[in-house]
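Since the structure comes first, as structure tokens, the remarks are kept for the end.
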Amino acid sequence: MTKQIADFKLVQKQDFGRSVLLKLRAEQALPEIAPGQFVQVRVDGSPNTYLRRPISIHDVDFQHNEITLLVQQVGEGTRHLAMAEMGNVINMVMPLGNGFSLPEKGEIVLLVGGGIGIAPLFYFAKVLVENDIRPMLLLGGKTESDLLRLADYQQLGETFVTTEDGSLGEKGFVTMHSVWQNQDFDKIYVCGPKPMMKAVAKMAAEKDVWCEVSLENLMACGLGACLCCVEDTVDGHVCVCKEGPVFNTRRLKW
Amino acid sequence: MTIDLGRGLVLRNPVMTASGTFGYGEEYTDFVDLAQLGGIIVKGTTLHPREGNPYPRMAETASGMLNCVGLQNKGVQYFIDAIYPRIKDFDTNVLLNLSGSSLEDYVKGAEMVDALEKIPAIELNVSCPNVKQGGMAFGVTTTGISQVVSEVRKVYHKHLMVKLSPNVTNIAEIAMAAEAAGADSVSLINTLMGMAIDAEKRKPKLSVITGGLSGACVKPVALRMVWQVAKAVKIPVVGLGGISNATDAVEFMLAGASAIEIGTANFIDPTVSAKVAWGINEYCERHGFQKVTELIGALEC
Amino acid sequence: MTIDLGRGLVLRNPVMTASGTFGYGEEYTDFVDLAQLGGIIVKGTTLHPREGNPYPRMAETASGMLNCVGLQNKGVQYFIDAIYPRIKDFDTNVLLNLSGSSLEDYVKGAEMVDALEKIPAIELNVSCPNVKQGGMAFGVTTTGISQVVSEVRKVYHKHLMVKLSPNVTNIAEIAMAAEAAGADSVSLINTLMGMAIDAEKRKPKLSVITGGLSGACVKPVALRMVWQVAKAVKIPVVGLGGISNATDAVEFMLAGASAIEIGTANFIDPTVSAKVAWGINEYCERHGFQKVTELIGALEC
Amino acid sequence: MTKQIADFKLVQKQDFGRSVLLKLRAEQALPEIAPGQFVQVRVDGSPNTYLRRPISIHDVDFQHNEITLLVQQVGEGTRHLAMAEMGNVINMVMPLGNGFSLPEKGEIVLLVGGGIGIAPLFYFAKVLVENDIRPMLLLGGKTESDLLRLADYQQLGETFVTTEDGSLGEKGFVTMHSVWQNQDFDKIYVCGPKPMMKAVAKMAAEKDVWCEVSLENLMACGLGACLCCVEDTVDGHVCVCKEGPVFNTRRLKW
């Protein structure tokens, strides 16, 4: 897959409080993009944001050359991104890393997302549906308002929800949801906070179920050049930006 | 735009990419036509494979970053067997950045690299701790640098560029020692030693506590050192440290650098190296310089 | 919030303002109630008046600035006659930053300052070139620093804080030499030596070519040095270099500083010093520290 | 005069191509402000603008707590200031330095401005008029479009113009204008590029006329604390930000 550096224009923006949805349009055609890949965003006008920021590709519209990002404000860089206004130009290097492995037709697939980790699962679920695989989704958050775009996710597959405060769906962590008792899965894909991913990976391992997770290690280059983003694996230190961000949990030393 | 650094190392233009920031060049071919660069310097390579330091390995700082990658690489033999065949026919100079934790490792590594036809030069990274000498870096004393450079010189017959550590009291003295020991050129600066702390967690941000500072923030220090070294030695000086655009590159050349390297800026704009090469040209035309070499040391002071 | 740095220097809180960046305090009284600071350190003062370097004396850099003020001041006697009476009753500690270009000047200056009742401490700036020793700074060798500190110690009876230069290979060694020679505390870092060039004019941006780098860009280097020095000496360490907010200040304390100084950040926000003092307090409350001294060296690593 | 640090809101903006007029309003009352004083502006969202930028006070409206600046775009800081949008908050430290000395009533006064150096002369001329002194103004630029707000200046006093290309007024430098032949002055006040100020100062000295110039040395603190902005005077190096920016030319070593 050829990587590009390109300017995008903000053409749609939706505010979710702490998070924001940014639809960005390029002038030229987008390259091939696999679900689970990410972009490196340049944040202009943010004096303490020296490096680019890695953000998952939340959705793609090849017809209109549009990439959508779902960004949670955690620091100065993401705060500035969230302040972008319609028409603003945002520069991105993309698409980076390797996406999720596509399951076989007929397999029972669960996508587990926690917090802002739900971001890459949207495009992934869409591609699955296009490939005649209807995934189940298990989405977790601290509270109701963390479950962004829930109705849209629900259109892509049966969706289960947990919140830590019980304000929506079952109360507790995703690993505590009753669906685990009621359903077996062939493949599990997870993206969210590390403790959550580890907990799901552990459950999957106990049930001997194939499992992929998407890591969010700190990055500098995003291209496999600097070796800053490494994860310890059975093959030693490997770059999350290049060999990941998606890893089969069997490869990780968790 | 040609720059002759001596002993067979001739650059198409003064722009190279810095070790550890440009992978093996392959990572950037979607963004830069390598033929537009004077050279690329590949990842720091050691005789034996190294896993490097644990994660986390980087922290962002004001106009810069810290890293503690710790020279993760698969060793010289792996480089020769698996990487060299892939990159040897790049249409640019491919330099190998050689590191070591003992004199013997440097010498053995250099010997092996000497045999590689398409590698015209080694950039000797002397900022690594000498494990046999209590962990002090080779490159911070004149005796340390003399020793490693002269030993490597004995076995290495092509262009030997010695990359200096900025964490020293008197950089000119160190550069002169490298020159006297047989270096064909010196490059500087490597990273400044720094540290970052997460106040909320009360923990260092880097796994091994300290790391190397690079990026725009170090440019004033790098420029000063290049200027001091260029006055002190006769061999060519390669300048780096925070170069982010053609103006920065010109400043280093005016201060006395014959060529420059671009490091951290590659992370911010993966096309920056080619842009800088183009921009230096444009500067020369605008200011009536016939040859880029006329810029070298042309500071008026 | 009280910090006892020893030999009579007790700060109301850990925040002081750095020499050369806060004038004589008077320049900031419209912005800061000096009683909210642990102390102020006045401009670098030398025995004899100095005109300093020609204009231009500063250049902005990425997240920082270079200066080559060159210790412009009217001399110790003028300080005593004209300035001391104006500032001696400030409701905070007023420290004098003493510089010199010979051992004799330091000693003579310190003797005169010793007599000033309301100056509880000297901060000895050892980054100045020793004109009799070929212009090398006192503070870059262990022998240089030992000499100047022990000579000043003989005549100065109050708190002697020695301000270290970061332009050295081994800062811990220098700090230990200062401690052994009788320093009551060390403060660091002074500015990193840097340079800036105007590429269009092909001229240095500073009148004397090189200058001192300060501001946020130097913080990672300063923090590392404070951490190294705090591990090496038993006397209190005062940390500075790029501190711009309370979080930065806390980081220096976690790394081992007993107090901190704010320099360049005063130019960006003239009220920053009081804000930092307040913010450290807030941090302690939020994290359950009873006393600010609990922060000192509380880094977990 | 008490100095303040305060947030101002951009309430009016006028574009003059390379320059821009910014009217900024504070919530609280302004302190006393003398013509010739300046502010130190914080430029937000400009990654390479670490220090504040000194800008002359172009006009003051005490009734509405408004300060107006006239800013020429020469680098990243001034470019970002010019990009400010209505309602944006701009932080300033002010008022700084010492202003022009007020002439006596009846004195014949000439204000000479070159390029963006005309900025402080507007407020100064207004104050003179309020004090029943009608100044003459001699304004110079490279070309017609450099003569900003000409009609407004003309309202404050008889105004002469030179342009280097002759597109407006007399062709040449301000020092070449015919008014120097036709009129004697008691006091001359100059602000503009250093070569121009030196040329006018020289003419004034030759005619033995009292002359004040406003210097624009590079500044860091703006408060007399750092000693970066010094000018060499008969009293040695003095801070332009504190003892200036206005100096009687007799004090300067020009």
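Structural remarks
Should a chain be cited, it is by its letter among A, B, C and D, assigned in written order, with residues numbered from 1 in that chain.
Keep this in mind: a contact is a pair of C-beta atoms (placed from the backbone, for glycine too) under 8 Å apart; a residue touches a chain by one contact, two chains touch by 3 or more.
What you are looking at is a predicted structure, and each value in this text was computed from that prediction instead of being measured.
Of all chains in the assembly, those touching chain B and also chain D are A, C.
Rounded to whole angstrom units, the spacing between the C-alpha centres of chain A and chain B is 36. Centroid to centroid, with C-alpha atoms defining each point, chain A and chain C lie 48 Å apart.
If each chain is reduced to the centroid of its CA atoms, chain A and chain D end up 54 Å from each other.
Residue positions of chain C touching 2 or more other chains: 61-64, 215-216. Contact of a single residue of chain D with at least two other chains is seen at positions 47. Taken as a graph of touching chains, this assembly is arranged as a ring, one closed cycle with exactly two partners per chain. By the definition given earlier, chain contacts exist for A-B, A-D, B-C, C-D.
The part of chain C that touches chain B in the complex is made up of residues 61-64, 66, 140-141, 167-169, 192-197, 199, 202-204, 209-210, 213, 215-221, 223-224, 227, 242, 247, 250-251, 254-255, 283, 298-301. Chain contact summary for the complex, chain D toward chain C: residues 2-5, 42, 48-52, 93, 217-232, 236-237, 242. The touching residues of chain A, counted against chain D in their complex, run 45-47.
Listing the residues of chain B that touch chain A in their complex gives 20-23, 27-28, 30-31, 43, 51-52, 54-65, 67, 69, 72, 215-216, 264, 266-271.
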